[in-house]
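In the two complexes below, chain A is the common chain; its partner is chain B in one and chain C in the other.
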Partner chain A sequence: MNRRRFVRTSSLLEEQIKLEFHNSEDLKHKTIKLDGLTLTLLYLDDISDRMVIQKTILSPLLTIANEDTVISPSDIPDLIPLAAVNNIEDHSTISRHLMEGCTVLIARESNDHHVYSIKTTYSVKRSPDEPVNEPTISGPRDGFIECIQDNKALLRAHLKSSDLLFEQHLIGKDVVTSISITYLHGKASETLINEVRERVNQIEADYITDAGVLEQLLERNPLSVFPELTSTQHPTKVANALLEGRVALMTDGSPTVLIAPTTLNMLLQTPDDYYFKWIPASLIRLLSYFTALISVLLPGAYISLISFHHGLIPTSLAVSLSKTREGVPFPSVIEAFIMELTIEILREAGVRLPKPIGSTVSIVGAIVIGETAVSSGIVSPMMVMVISFTAICSFAIPNYQLSLALRTIRFFILFSAALLGVYGMLIAIFIVTTHLIKLRSFSTPYMEPFAPIHIKRWKDSFIRLYYRVGKRTGI
Partner chain B sequence: MKKGLLVFLSLQLLFLTSCWDSNEIEDLGMIMGIGLDYNGEEKDVFSMTNQYVVPNNIEGTQTGSSGGIPYQNITLNGSNFFQIIRENSLETDRPPNYTHLKSVVFTERLLQQEPLKQLISFFLRDHEFRRTVAIFITKESAAEILAIEPTKEMFPAVQMKELTQNHNRSLYVQDTLKFGEVSKKITEGASFVIPEIGINNGRIRLLGAGIISNKTEKIVGWLTPEEIAGLKWVTDEVSGGLVAIKEKNSEEDQAVLEIMKASTTIEPEMKDGQLTVHLKVKSALRLAEDWEIKRDVFSEGWEEDLKKQGEKVVKEEIEHVITIAQEQQLDYLEFSTWTSIKQPAYWKKHHKEWERIFSQLPVTIDVDFTLTGYGTQDIN
Partner chain C sequence: MQTNQHSLPIIIFFISTIIGVGIVTLPRETATIVGQPNMWISVILGAFVAFINALFIFMLMKKYPLKTVYDIAPELVGKWIGKLLNLIFVCYTIAISAFIIRTMAEIVNYYLLDKTPKFVVLLVLVLSCMYLVSTGLPNILLFLQLYFPIILLMFLLLTLLSIKNIEPTHLRPILYLDGSDLLKGVNSTFFSFVGYELLMVLSGEHRLTRWKPVTFILGISIGSVCVIYVLFFILNIGVLSIEELKVITFPTIEMAKAIEFQGFFFERFELLFLFGWIITIFTTLTAYYYSAMLGVCKTVNCKKTFFMNALIGLLILMLSLLPSGITELFSYGTYLNYLSYVALIAIPLLLFLFSFKKGAVK
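After this line comes the complex of A and B, so read on.
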């Protein structure tokens, strides 16, 4: 956007705005002449509600025009029966107000003029449905949508507290996106808020399309596969995080809200964990830790056992494994890689295809992998079992970002195991663990509360302890 | 740029090894059992039978499984075992792998000619042989034993090892003797017994045991299954089985007691400079089978008679084994171990002449039975 100097004459002002919009057809322009006062209305046709403009701006003004009352430009806000009437001092922001669907009213008296912006936004919005990638069994089913105002409203509805603060920041060189730093005053530490603010202000981008882009711009470890911010579409999840003293970042135009700081522990939790009794909830927690481990280690462990450490397999299993692998033309690494690749392709195909056709992929996949690949002898049945179990385990991981990260690491471990067996696998695990312990998300250790160790906080980690009577709980 | 090259080169160190040491499971010649025979020829003294798994012949749920024998025995001769194993590669494309080895069978003649210490030297040194491999001795040829088709297991070698797992079912079954235990006994310089395996009507059958002397490390004698029972009572290995009583010297009136619990303590005691060993056997039993019509288990004191008879049977068994051992001057009864623990001063002084002392050692045997019941029902 060119920050041209705006001339302080309103006729020129109008011209300049029109010029800025390249005389676009949807920029409507209407002039009312009152006694010694010229009122010019400017609005973008498609995103402004014409009925609202008609009822709340035009008709009161026209009534006054008929009554021949003398009015000064400063009286205008009182004449319009709408709450959101803002006086615009900085004329360079006019275009932004227009793009938000506001109607800009320029009141001109001989050589003095006032500019007002009146909120007349009209937009098409979907309803706050349950997020598709984060289904819950019980608990609130609303989800964030693409409109930041509505998202704020949703959050307010869940978190009725006067401490809830939204801090608006505008980012983007070519296209301005509004971002809201959200936190609970008194809960979030000042240093954390400052760090978030600082990182947001440092962003230099042309255009932020989605929270996913913002997430990557805020990250400080771009080479890591692990997400530094949790993204969610659940208002309750954000509310819980805010109560824990975290900071949320809302992006206009994106249903995803980012939460900082993030820990590995946080990524393995679901809102459902808190809605059930603590014993089954803890077992489910343990299960998600277990599935995360399995989805990373199983293929590597299988490869290293059957091609390096045969002595570690129980004899009867070893005998039947050597029977099932009889006649398979590839070494087990290649076999595993073929299967993994097939699963990943099927998964991507399932995502990309429209929903009605999506089921076809799974049927074809099941038949191709489950039946023909085995019966034609390309892969052994045990390998199919190992890889598909791994895939199912990775589906069971509550967070999609983490699931993606673990998929990447699974291949790393697979190749390390193929090179050096269990020894190679241990080296790979060592590398990943070292990285995880070193990793920090907004100055918070990623492996907290395990490393550094905070045993008292373990009550909400791989287990979830009961709520004590009369005690405030972590969530 | 230079750094990148360095990282690239050091990564090559990893990748250039490719899949070093990798060996797919189907390319292995998994070996389940080894049979060692004495060939006697001057050039090739030993004969070694390796029992290979033939995966293709294993019956499975998958289609295409033929009903062939799932194992293949390859017998080769040579003057040492390592050489024979390497010679196997001349006949089989799958290199032998011993990580799943279950049993090793020695033939009697081999142990008469060569000391066990030297025979198992190779198997203890090589890392592929686990210390849990079961050892057997046979009067037949070891190759023949390994060729007997098993009835319920897939491999003869597995069946042999599994047989010794029945040691809590019968007094005649000795617990598995593992490589690790043999190496321990040899290091201790103790005599010990190896379970004997034989052929009965074309089936593999556990028999008694062969005695290995600590002096020569060769086989010097045999124990019958009944003697194994006595040995088990002495060495506190009884964990089940039965005691049969012939009442009033008549076959008709026998009673059978099932052993529920048993424990033996060996207590060497010094009295006036003379070592005496007290053997205390405690056991809980129940009446399992009764041929006596007149017995009334509902009257008090019904078990007194049975108790005494049973104690007498066991005591005789124990006495018999101790006599044999003392005659042979071979202490496979673990008396030396207990003496060294309980009477260390005496042991330190006299352990060199233990054989002489052992052969004249007075042993008192005290058997104490408790009859805990007569089962779920008595029909008298």
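After this line comes the complex of A and C, so read on.
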């Protein structure tokens, strides 16, 4: 941190600022002389609102100057009543203020001078729309946007509590990004906050483009496929997490907010679960656990039954299965792998393409490839059914990061099932669970509350019991 | 509340360790020895003996709080004899691991993978266990906690589904007590409770120092295992009858096979049982594997746990491939019982006697 001393003469200061911006054209410079007082305005043209500068800074100052009163530089904050005025003591922060769209006002008398920054930000923002990848049925429909100030405001609006704290950290060597550690004072444990703070301060990066980058910089298990932090664009989800004593990390310029610590249980929940009556909500929770299991295990289970344990399939089903498998040239593993690969490619294609063409992909994928693959005898209809059901199940997983992780695990299970049948699957499950047990997200066990067992917390895990609504206990 | 939170993982550790091969093979072994429908009384007696033995082991461990048996043996009987005792204990844990996974491999080969070589079946199991053990004791305890509800659910489901198949005539005469036969049965049922001796290894990590919580933990663990065993004994006898039990190699699996649940898509419940049972085998293996690794590391003062881990894995694997067939495997079982006597009774007794001597010297 090289904090240069505040320079004596302010004309030199202006030159220095200009030099720092390499005499860029959009750095505007305006000097007004009132009796005995020189006011210098500096602002970046496109991100500061000229109308605001005119209204809030120039017109009050000029009106007062006309009234023949003597203005001293230290009075200026009182003379500009409408805008937020900050006194700048440190030269190195001036450029940051300018880049945030503030106007820097240098007031100079013969022997006294002050530097102020006045908020005159003009920015193009989108409205806080519903997040595209996390639709909700009946909850609040606002979502975070790219501006950190607005995100803070959104969160405040959802969580009207004086305990809500934002802690600003500036990260990045080349381009400084502001990151805000957000928590509820008294709810989040001090050790957790310290750990988050420590990890944020340890980051050495040139530039953080998005929360996704921040997430990977904060992680401690880069080899794991499971997310160590939850990312969401829903203010309500963040508010819920904060009430549970978690910590949220906001990144300027990213609509995604990260939540730490994350557990597997948390990734399988949606805010919607709390908006419905507890019995259907519990069933939905069970369903999302079930779909997560199915999306990992089903192809492996099918493969192992088909290629190793014919005897374990019910007789009537075995007969119809063997009929559909007639004439398929590949072993069932290859068949499953081809289908899985096709589905994954279709899914990626659907994501990349613009929406109107995206539906074409699904038609081509579903009807043309699926139908013809079966009728030409490359894959059996049962396999198509199994793989597409698995795909549908993985779409039902509430969290996209988790669904990505489970997609990866599915292939591991698939190949172990192909090698050693049900037994191989079981061993693969042991290995995956060992990994999950080993995993810690900010010192919290990933499989909590199942390992370590907290039976009291089970009532808000795979089910959601009646009296849990409107109540939050700590993590 | 505090003690409850603290002792639950250890209770789960003991239950997961104790339940293992016994649940599948014990009904046959006991049936050949006792041969009457009330042989489940032998199980209760066996549990009682195990409990007494466990308390005796704790009597020794209480004198040296926060130390494992591997630490106290060199202290009490001298460095080299102590190390020898440690190695005997390690041999015992390795032998028992090899025995249980070989039994599991036989069952896997018989019911699931008839063409896969046993070597592969055992190798993947040992490798995955090696991974789990390498993560350390806290994570092992977490792992056991994760699977514990699944194991219980599986046993419960199997019990509920089997109740329908019980022939009451098989269970008669009820409470006919033939003392001498039942006592002979204790000799075999006792070994199905083996697992509590890992108290000697666990005592280093957790504050198992006071009588009250330890008695509670041991009572609950051995007691609940006893309940599960008695339940399965009654189910086995009720479904299969004593005569059949004597000739079936793995009666509990056959019992699960007998479950018929018409109209339901999934007809084969032995798969369900095998799933749960392989989990229990894995947990038992993990516990013994960990004890063996800790023992070797403490005896030779080795910090490179990864190397020791691989060595133990290799030893278990080699030993488990030693018997050529299932009959030979079961004959090794009797040798294993002698080794168990040494590890469970002789070593603690020896150390206990020496602890008095040492105390007198001081």
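Just so it is clear, the second predicted complex is superposed on the first by the 451 of 475 C-alpha atoms of A that agree within 3 Å, B and C clash if a C-alpha of one lies under 4 Å from a C-alpha of the other, contacts with A are read in each partner's own complex, and residues count from 1 in each chain.
Convention: a residue touches a chain if its C-beta (ideal position, glycine included) is under 8 Å from a C-beta of that chain, and two chains touch if they have at least 3 such contacts.
Just so we're clear, the structure is a prediction, and the values are computed from it rather than from any experiment.
Taken together in the superposed arrangement on chain A, chain B and chain C fit without clashing. When the two complexes are overlaid on their common chain A, residue A:352 makes contact with neither chain B nor chain C.
Of the two partner chains placed by superposition, chain B and chain C are both touched by A:420. Vertex at chain A: the C-alpha centres of chain B and chain C lie 40° apart in angle, rounded to steps of 10. By the touch criterion defined above, A:332 lies against chain B but remains apart from chain C after alignment on the C-alpha atoms of chain A. Of the two partner chains placed by superposition, only chain C is touched by A:452; chain B is not. Look at A:29: by the touch rule set out above, it reaches neither chain B nor chain C. Contact with chain C, but none with chain B, is seen for A:434 once the two complexes are overlaid on the shared chain.
When the shared chain is aligned, chain B comes close enough to touch A:323, but chain C does not.
In the superposed model, A:310 makes contact with chain B only, not with chain C. Nearest C-alpha atoms belonging to chain B and chain C sit 5 Å apart in the superposition, given in whole angstrom.
Comparing the two interfaces of chain A, the one with chain B and the one with chain C have residues 308, 311, 420-421 in common.
Across the complex, chain A meets chain C through its residues 308-309, 311-312, 314, 317, 420-424, 426-427, 430-431, 433-434, 437-438, 445, 447, 450-453. Residues 14-15, 17-26, 28, 30, 32, 53, 55-56, 58, 60, 62, 97, 99-100, 102, 128, 130, 154, 158 of chain B touch chain A in their complex.
Contacts from chain C toward chain A in the complex involve residues 8-9, 12, 108, 112-113, 116, 120-121, 124-125, 128-129, 131-132, 135, 139, 141-143, 145-149, 265-268, 271, 274-275, 278-279, 282. Against chain B, the residues of chain A that register as touching in their complex are 306-308, 310-311, 313, 315, 318-326, 328, 331-333, 381, 418-421.
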